[in-house]
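I have a structure here, written as structure tokens, and I will follow up with some questions on it.
Chains here go by letter, A, B, C and D, matching the order in which they are written, and residues are numbered from 1 within each.
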């Protein structure tokens, strides 16, 4: 049984038919990626999974049970956490507070403290500046903070929305190696990326999205050599 | 391709800098566009491309740098002459502050003088000072220090003056001026509060508020049209009205002309409808004049935005990611459209992520990364530029 | 196309209107007496006010919570000019409108950069200040004593003593205002206002000088408010600071919220429904309750925003 | 001359004491505006009415208007709780359905609620000004606590100041050092991101309303005691002035609200004393307008949203 399964999900944003029947599934332990042009509906898909947008049609199954009708906080409690596009850390909160916000749904103080140390281990930069406001970090560090914040909720499935957006190439590499490491810890990852090349190299399986629909899906290495993908998204 | 470079320089940006608080979004970017060219601007997300556009048409006020467009300077500088003026007004400030001092010492003026002083110093003086603060705050730290001194003196004087007004309550020095209840406390507060607020909090905002920069609408009149990354249509107006608004800056009818239906106003109205329809036909939306702008599909909205910009009769069109979110067919159509616009003699500066579109269209490309210009040249040069490959294109 | 445009461009619409206008003033003689005519006149006054207020929140999208300030300003301008100089209403009306426009500009100019909430607050504070000045400057306005004995409107030397004459006068003013508003709305001026309402930045980028057009809107709106006030002073013959409380601003706002912000027909309809209703409530409710009829307005606003935010006659097609 | 100066200085000091008292009350009300604005960017116009409700409910409970007469402190406690509850209800009934609506709609709704509540009070309690019966409130309130020459500070004034300081400190602690406070600040900065972190936004907003309204209720009771007057429109004026205070300090900032309340209270008392007593209300508006015009974000306010 897939960990998460989207069945024919439709979403209308006002008059705009943003998702036109998205089918997607992901199994535990995998990295899957969703690539596509700007405005194809990738972020909308993730927002629909996180229940920020309520799909008008279709179903989202998690462990075989529907997530529709649940509030965003219930989704997080169920173990689905998103690192949103543009990082969206809380700029006025300190780094530590940002991370504690990630653990908002959890109650056991000792476990939270342990996880906090784990995140600081993973991102030593953050540990050095835990009393500093999140807004003072650079783009790459904010991305680390956002990922760390999501990890604090102990997710089973991590949704990553454009983690490399606007980062210097070196930082992009670093972020991708971190993602790989997180996946190594047994966390399932759904990665949305514009940097199709990097994403497909990392992922096991890929989906190509265009104007609200999945137009192509295949194991990642096949997509990497697919002519259409090459032409449209790899710029070759 | 080189044949186009013969055109005169239309837009020139020189060492343009834009800072947001501590963050420098655009660092000393220089760029020029000649008449008839198609210029591309590329770079990773967050590289400052849109901010650069915003600076060009004065949606954002650049921190420093110069822009000239079609013979107009769009950002004015503090010149030597105006700094002398500033110095003089600073001296004037000092004198005016001295004027307050006798009050602190408790000198009793003749009543007539007292009246005059009350009215003059409190109302006009306050306004006058605020007016003068305007150039001052654009200036150097030493003037700030001077101002802080003025402010302190002002504050002390105003308080003691208030005190005296209670002391000499039987002196009806306000009698001259019928509106004193509004004016006096208002003026007092202005006098005390305005300089403090102007000085102690965020000067850059004051600068933006009072800055000498041209506004976007004036720049549109000079002939710079633009579209936006996240489409900004007047969504509850009809398609035709949207484009008619583009004609706004080319029409003159005023309030009375409109109310009394003067011939000129009527003629203009007909003309703008005609021109707007023309522009809509040009982008292929001629059939949907009366639909609501927000009801159009995504690609059509992008084209409508272009039609609206075209209606302003631009010499230079700024396109901010016009192909974003379009499928390959739509972006191919867009390329044709941009070429047709260019063929009509309009220079184009275009931001685009789709390298294919860019390579296809642009005569020259500028590459921004972290706000800095890292490369410029023909598409072929850019394609093989090591820096660009590292920062943007990837291996 | 606007519903208003469709409505006002159709000949079918004007015939019944004309008939109604011609018949209306004769009705009271047979049926209800001057009371109905008084309510009808009051309704028309509020129609003018609603049209005037509509210009700012409806057309330019800025919430004006102090409209009654201009109503009061116009009423006092007209009242004082009439009491002191006995000028004809045809001189007083334009002067009051001009004075209103002047203060509209004075209020508007510094507020251009303010966003929605703050603009609303400043308008509110400003109108409270106007009323405070009216209340406190005894030498000018006689303050809480009010200004009694204002002369009735006149027409070529005839004093308009009959209720129906006043009815026709305000009807005439309403038609003038309606004409101006409709003309402007479908012109480049109106489009510029809509552009400012929809998206200020985009408006600037198509060459609309946002500041100028906001100022024009403020001036026009204030002038219309003052015009209504001027008529009101001459018609009611007595003005008092308490007539121009914050509630009145809210009542006028109610009218256009009910009708649909930005819709001209809506503004008229809102006044047509609410003003007679308040008058009826004033009579029907016992004295201690009649003060609380604003309770209904509060509820009405809340419900409208909840279920029909676009009003009864929405500008935009669904 | 000397005696005149002495007289004036004692007048000045008395005014200062009154100004500080008034300022701390404004600060208490202003904090309610500021908290709600900070979290959901809504100007809760009806906040002044909650304050009025606090005064009326404590009055009714004290005098046994609803059939039960409670001892003073219990009545105060119950009134504050009712206010908190009313705030939450207000949010759920009026504002929550409009969370995603344009801000203008929410603002108009807030005005509508304000009018509704005010007239509801008018219906229930009538328009006459009511005063607390002397025998039902603790007697020491109006006795002087401190006295220097002619300057008198009553116990009530001391209590008002201390309550304000205590509640403000408590509030600062809640906002900065608790899970709830953290969630409130997170929502203020990014509502979507907060709910992606598992914050139940609606619930936190309810708590915010409860806290703010509770403080408003306390302020209402204190003012009612201070002036010994309860009437339906009391919330309207106090609300507007407190709002002015919040704006003055920078709406959304709690220290700003405290500072703004202080400044406004002093400005009003001194303005009324030294300039013109009939314009003391006008001074509040004038200060507010000027501050908005000169510094649209207030003294401690956050940066304006970026235009483009």
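Basically, a residue touches a chain if its C-beta (ideal position, glycine included) is under 8 Å from a C-beta of that chain, and two chains touch if they have at least 3 such contacts.
Because the structure is predicted, anything quoted here is derived from the model rather than measured.
**Q** Could you work out which chain's C-alpha centre is the most distant one from the centre of subunit C?
**A** A
**Q** If you tally the C-beta contacts for C-D and for A-D, which one comes out higher?
**A** Higher C-beta contact count between the two pairs: C-D.
**Q** At what distance in angstrom does the C-alpha mean of subunit D lie from that of subunit C?
**A** The separation of the two C-alpha centroids amounts to 33 Å.
**Q** From the mean C-alpha coordinate of subunit B to that of subunit D, what's the distance rounded to whole Å?
**A** Using C-alpha averages as centres, the distance is 39 Å.
**Q** Using mean CA coordinates as chain centres, what's the gap between subunit A and subunit D in Å?
**A** Taking the mean C-alpha position of each chain, the two centres sit 43 Å apart.
**Q** Nearest whole angstrom, what separates the Cα centre of subunit A from the Cα centre of subunit C?
**A** 54
**Q** Scan subunit A for residues touching two or more other chains and write them down.
**A** none
**Q** Send over the residues of subunit D in touch with two or more other chains.
**A** Those would be 276, 279, 282, 286, 304, 307-308.
**Q** Two-or-more-chain contact residues of subunit C, please, as numbers and ranges.
**A** 113, 129, 133, 136, 201
**Q** Along subunit C, where are the residues that touch subunit B in the complex?
**A** Those residues of subunit C that touch subunit B are 1, 113, 129, 133, 136-137, 139-140, 179-180, 183-184, 187-189, 191-192, 194-195, 198-199, 201-210, 216, 220, 315-317.
**Q** Spell out the residues on subunit A that touch subunit B in their complex, using ranges where they run on.
**A** Residues 14-16, 37-40, 139, 165-169, 194-195, 197-198, 210-211, 232, 235.
**Q** For a test of understanding, state which residues of subunit A touch subunit D in their complex under the given definition.
**A** For this pair, the touching residues of subunit A are 50, 52, 71-73, 75-77, 81-82, 84, 88-93, 97, 100-102, 104-105, 149, 153.
**Q** Over in the complex, which subunit D residues touch subunit C? Could you list them?
**A** 43, 94, 97-98, 101-109, 111-120, 122-123, 126-127, 236, 240, 243-244, 247, 276, 278-279, 281-282, 285-286, 288-289, 292-293, 296, 304-305, 307-308
**Q** Where on subunit B does subunit C make contact in their complex?
**A** By the definition above, subunit B touches subunit C via 57, 59, 178-179, 181-182, 209, 215-218, 220-221, 225-226, 228, 232-238, 241, 244-251, 253, 255, 258-259, 261, 265, 268-269, 272, 290, 292, 308-309, 311-312.
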